[in-house]
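Labels run A, B, C, D, E, F, G, H, I, J, K and L following the written order; every chain starts at residue 1.
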């Protein structure tokens, strides 16, 4: 089973900036944790980060047909990128949306996700552990114990 | 470590009604799965279901001080029970909000949660597996490997 | 044929308070009229009044499977009780919503019903005669002369 | 006792189009049922259908002073014809508003009626039986057993 | 100088209904007063009343090119008839909008006029004397003492 | 009969600025015309202009009890001075609101008047002739030919 | 193949008023062009213009069953005539909505069409050539080269 | 003179939780202060706290007829319990609404009270002293020195 | 202890106008009552009324540094005077906002106060007794029995 | 005559995904059809597709000065790309906006186009034939038979 | 070249209150800095501060014709004083709007300026240096090196 | 001291298009002026223009740590690029937002900036001189004479 793991704008800065808020883990550290968890369940992770909406869409177009699902943290694009939403709908890839922070605590414009209505589910507020939850869900699905 | 596991209005009907939508698991079946998962991590589950907003609040008041956290699916109260929200704030109990369905797919009035801004995080759309994710997060926290 | 007849918050005060507005009939008087009308059509009425949202939901859960339909005046809960709405949807009980006054004459917050979208129909403005209309409709349905 | 029975735009198509939704009864069939019910209670029905807002208003002006009440299904005019509303207010005719479908199930712009605030009451969702309910209410009023 | 004098839906009922509110003057009485005032200033009045939006538009189309201006009380059409507004714009006829009552006292939906933005001015709240004010303005304009 | 004639902020600039738009008449010229018209009908005018909301209110308080009515162009205060509105309500003075331009043509924030709901009527769009219309209405009222 | 060609309020004025904006073509000229284009594709045009909402609905009712489609410019009714929309839905006639001007350039209230959600498509901004586009589409459909 | 003293959801936690914010007084301490103040003025206090909307309504129904007034802090129900509002209206009990904190400082959804429009007045922001103010007002009223 | 006692626009009219609504007490009478109550608690009152927003601000600037608190009824300025609000914030004076009427009963635009978020608390609906409540609160604070 | 033919995000997937909805034509197939139609009218097509907002803007900047017009389907960027809109305004290129589906049938956020107010016109709902309509319009313009 | 330098409500308190936020400079200190900067460029400053909207308008009326421009910090009047806006429009004085703080950081009601649409430009967030920027711009304009 | 100088979408067209509106200066000309001004104050400018949101974010990520501040004109991205806003917040770079035109004069959707709340300040309406103002502010800060 192969999972795409996408991170949107500014998530490349994790760990190097504002460690008090976002912790000392870099995005690379997180990818390593996620890959290890996936490997334990026999899954392969293909990760990608971009600050470009178009780059994220290109990546989804290229890899969706060979993947079984996608874990995505769209960053700020969560709130306005209908194009990213349409890429998910058009490719039909099973998608789990993850946010590090609890977006419902923050500015009102961050409460709404244009991605959520086309995702299987949304996980928000558990830091990088949210990605692990998503991996576990795909693993659980893969083992046939649950059906979405 | 002790966790409260609360379910709000109409969730007692799980499994007995609309099995095509909600599956054949009853709430009791789900509580058993959640308890088993918690036990594996050395945690105790205290579960409660009520169709009464006041009953849920009474339960939180009574048990919050002896518990380490709460997993709650507030059902329809998610969208208007400021009193339930205030019970979480007043007792200060660490709370994870779980929804079986992806509430962002559904009618617009279900997109907004008055509970989410006072919860640690929200998990929506993964069926009863969402409760398992929440248990795992408390377990992971308990083992000191993550800090919220 | 068995019909549930539910009345929500404050409707127990009918007849004893504000007779100029609501008339001299008590809720008991009205239940008697409704039961008599139902009996004439060979139907049985099971009535219940509560000022508790949770109490109304509990009652619906308990009796929906043995009833053929429900006549409900949700009182003020009409405007915000999504939990009551979900109880109707979850049990699938055929429901007619009745209001004594024409709620469209009153304060704007009373113009909107969260119950109506899951009811078969709504009757408002005809005083206690509105309950009789609802009984007659169930009776007419029962006799097979109409299909909803 | 004489009742006006008005039907607004597109209701002349009943029975001839979309029978799966609206049934096989034509408007003529319905008028016959309504008239028969009224006759049984000693009431006379004067019916009129028009696709013209102005035509409906002219009819009300001409006949309101000789009638005791009106049953009206304003069709789509329900949602914007303030002129029709003013005709009801200006003539002071006792009016019952009926809708075949439950307008609260449908598109949001159909949830609001500009007519309802000047009607005695509103009946929605019971198909053509809603007209019968309205006749029965006028009959009940006529017999002095109820006061609006 | 020739003026069109148009009255919209329900204004034909003036004087015959609700005399406490609208006075005992019929629309004919008012037209006589308006015509007399106009005649004193050497102006001719062509009056028309209709409950049909389309009828008012037809009348404007037919007579606008031979008239110097129009006094119109659009009745309830004031609030939604963009078609009537377009008839004024398309013919380019100089238009004064008059309302008998002070529409700003009444229901919020009566505060907004879709006609006003294409009229020269609006007079509201002075009863039938508002029409006289409008005649006087055209007369004053005609005598060259003012320019709009 | 004595009329207050009030003009609000910036109206003192009439005639000296932007003559292309507002014409060459100064406020003094307009007051002269209004006074002359009033004198012809046996009425006395007491005029006042201020750029101060408080100044206008003080003036109304001081003179309302000795006056029979007020013609007011509140200028920009039309749109937000609830204090000016309350001065009219508190003194109970019969008030006609006049605007030189058709405020419904202009920016949306100029469409709404907080004064209009407590005035007898509103006249907008007829330039300084609007004041004459208001004088004539008071004159007509004074002569007993009309009742507000 | 037979097409209805309907034009709503004020479109009868085309060519005779405001030629700078709408050009020198009268509605008759346009109908001739449309008919000629249709004839070339073996289609018949039945045209109708009315300033009456009810008249347009009557026409659709009368001719929809014998026609294969409709090209309609509803004029100002575009923005509020739910009754016209219901006529299209009720008869099920395949409808193309055309506007001469680009309604998205104009006042905000013209940006929204209540007709568009029940039409196959909308063409706006190409002057009378928009009708030709619509004819060509029906022709192309007729020849089986495309399916909507 | 007898006063009901009601406290809504979560107010039972006063003094035991978040003492930095709400002080060290428990609800019992506050009730003692309020009762002492009332006793000094010859008034009797009947106090009740519940986390159940229905429980508060039941209490009002049971005791309103034997009481002269009510002091209520509805807690979070302030913002959505139309049923509680209707209980006040239906029993006609003279009601003073008190909030410990200044609700206008807090989240926007706490600025609006559905109870206030049916209360005599509202006191917010003075901590538990607000209840004393309410007692004093009833006392002052009782002594005939003021009329509401 | 010294308290400023400010009253905004139109409050100088108390007692002389609309006695049925506002009672027969003049503002002077009320100031006397307030001063007497304050004197009993060893406090000094400095009172001021103005119909000028700027006058009220000037007064606050001049006297805030020598005062211990302020009781203010901003009249209509409550709803829009951000400048008055800023004067309270800028001087840091402890402020209690009082309204004679229950502003939540009245027009919607009176429900919102721009002053309340910077005041300690708000008292509304108790007539002139509200000022006494405010004096008592300052007195109670002064005696150290309470802390805000 | 040279036309730019731009397609925005996700339109590269046409034909390869969701053929039931979007048909079996790939974007290349459509470009061929459009080019052939253009060639017949002596026009040249320069086509470009990108999932990058910036890429589309770069392309417009580079080619606008050498082109006579543009046909664009901005995909999801239709609803939020003010930058794309500004590129059209800044280069002044004559632009026709085309959508394959009738965007007015779909989610409310797809009803609004930020591009439409700066385009000549909009065509929506005719599948890939909409592009042909746009080509024909440019051709018709080119032949001088029409003027925009 | 002569510049008016106006400061609105509460700005007279600068330096004497809240020095942590607004710094230790008094308004006099700032006026000195601004005057010095202006003098260096051969410009004259005429400064004025008032807490009265009317006072600011009077000052503009009196001095606009003899001045070449105005630098204004309207304080809280920024957000509601349409009268101040109209004074700028009516006198046609070239106006630069300056705010000490970044109003876009603050409460939502401070994000909107009714003055900005009639100013040349707006400078916000640079403390008293913002006034210097404005002086420099007028100086630069004066020297003919730029044109607005 | 080193400053980043960023320009967003379509600003590369300055000077070559619409010279009547935007003047004859190209972006290169402006960069030269800004660089010269900065050099005079001992500051270095690193400039960048892109039509790609992602390109601007990449540039900020790469250069923020080596720069002392940023002057940015985000072009149309001002109004929707939350990702650009987050790049400013995440890197913590001191940012001044500049707009050539007064965005408050233009379409309502241009009045709101998502960037402004995370910038030090905003300068709008002074053409390219606005960039010079921003340079001067950084220079003034650098010389220690002011603190933000």
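Just so it is clear, a contact is a pair of C-beta atoms (placed from the backbone, for glycine too) under 8 Å apart; a residue touches a chain by one contact, two chains touch by 3 or more.
Keep in mind it's a predicted model, so treat the numbers as computed, not measured.
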| item | value |
| --- | --- |
| Steps needed, at fewest, to go from subunit B to subunit L via touching chains | 2 |
| Joint neighbours of subunit L and subunit I, given as chain labels | K |
| Same-interface partner of B-C, chosen from the options E-G, K-L or A-B, over half of the pairs matching | E-G |
| Chain copies touching (subunit B, subunit C) - same or different residues, decided at half shared | different |
| Subunit D and subunit L: spacing of chain centres that average the CA atoms, whole Å | 64 |
| Where subunit H and subunit I are represented by their mean Cα positions, the distance between them in whole Å | 23 |
| Chain centre separation in whole Å, for subunit F relative to subunit D (CA means) | 47 |
| Interchain centroid distance [CA atoms averaged], subunit B/subunit H, Å | 32 |
| Residue list for subunit C, restricted to those that touch at least two other chains | 52-55, 80 |
| All pairs of touching chains, each written as two labels joined by a dash | A-B, A-J, A-L, B-C, B-H, C-D, C-H, D-E, D-G, E-F, E-G, F-I, F-K, G-J, H-I, I-K, J-L, K-L |
| Partner subunit I, residues of subunit K touching it in the complex | 8-10, 12-13, 17-18, 50-55, 75-77, 79-80, 109-110 |
| Partner subunit D, residues of subunit G touching it in the complex | 52-55, 57-58, 61, 80-83, 85-87, 90-92, 114 |
| Touching residues (chain side subunit L, partner subunit K) in the complex | 23, 102, 104-105, 111-113, 116-117, 119-127, 129-130, 132-133, 136-137, 140, 146, 148 |
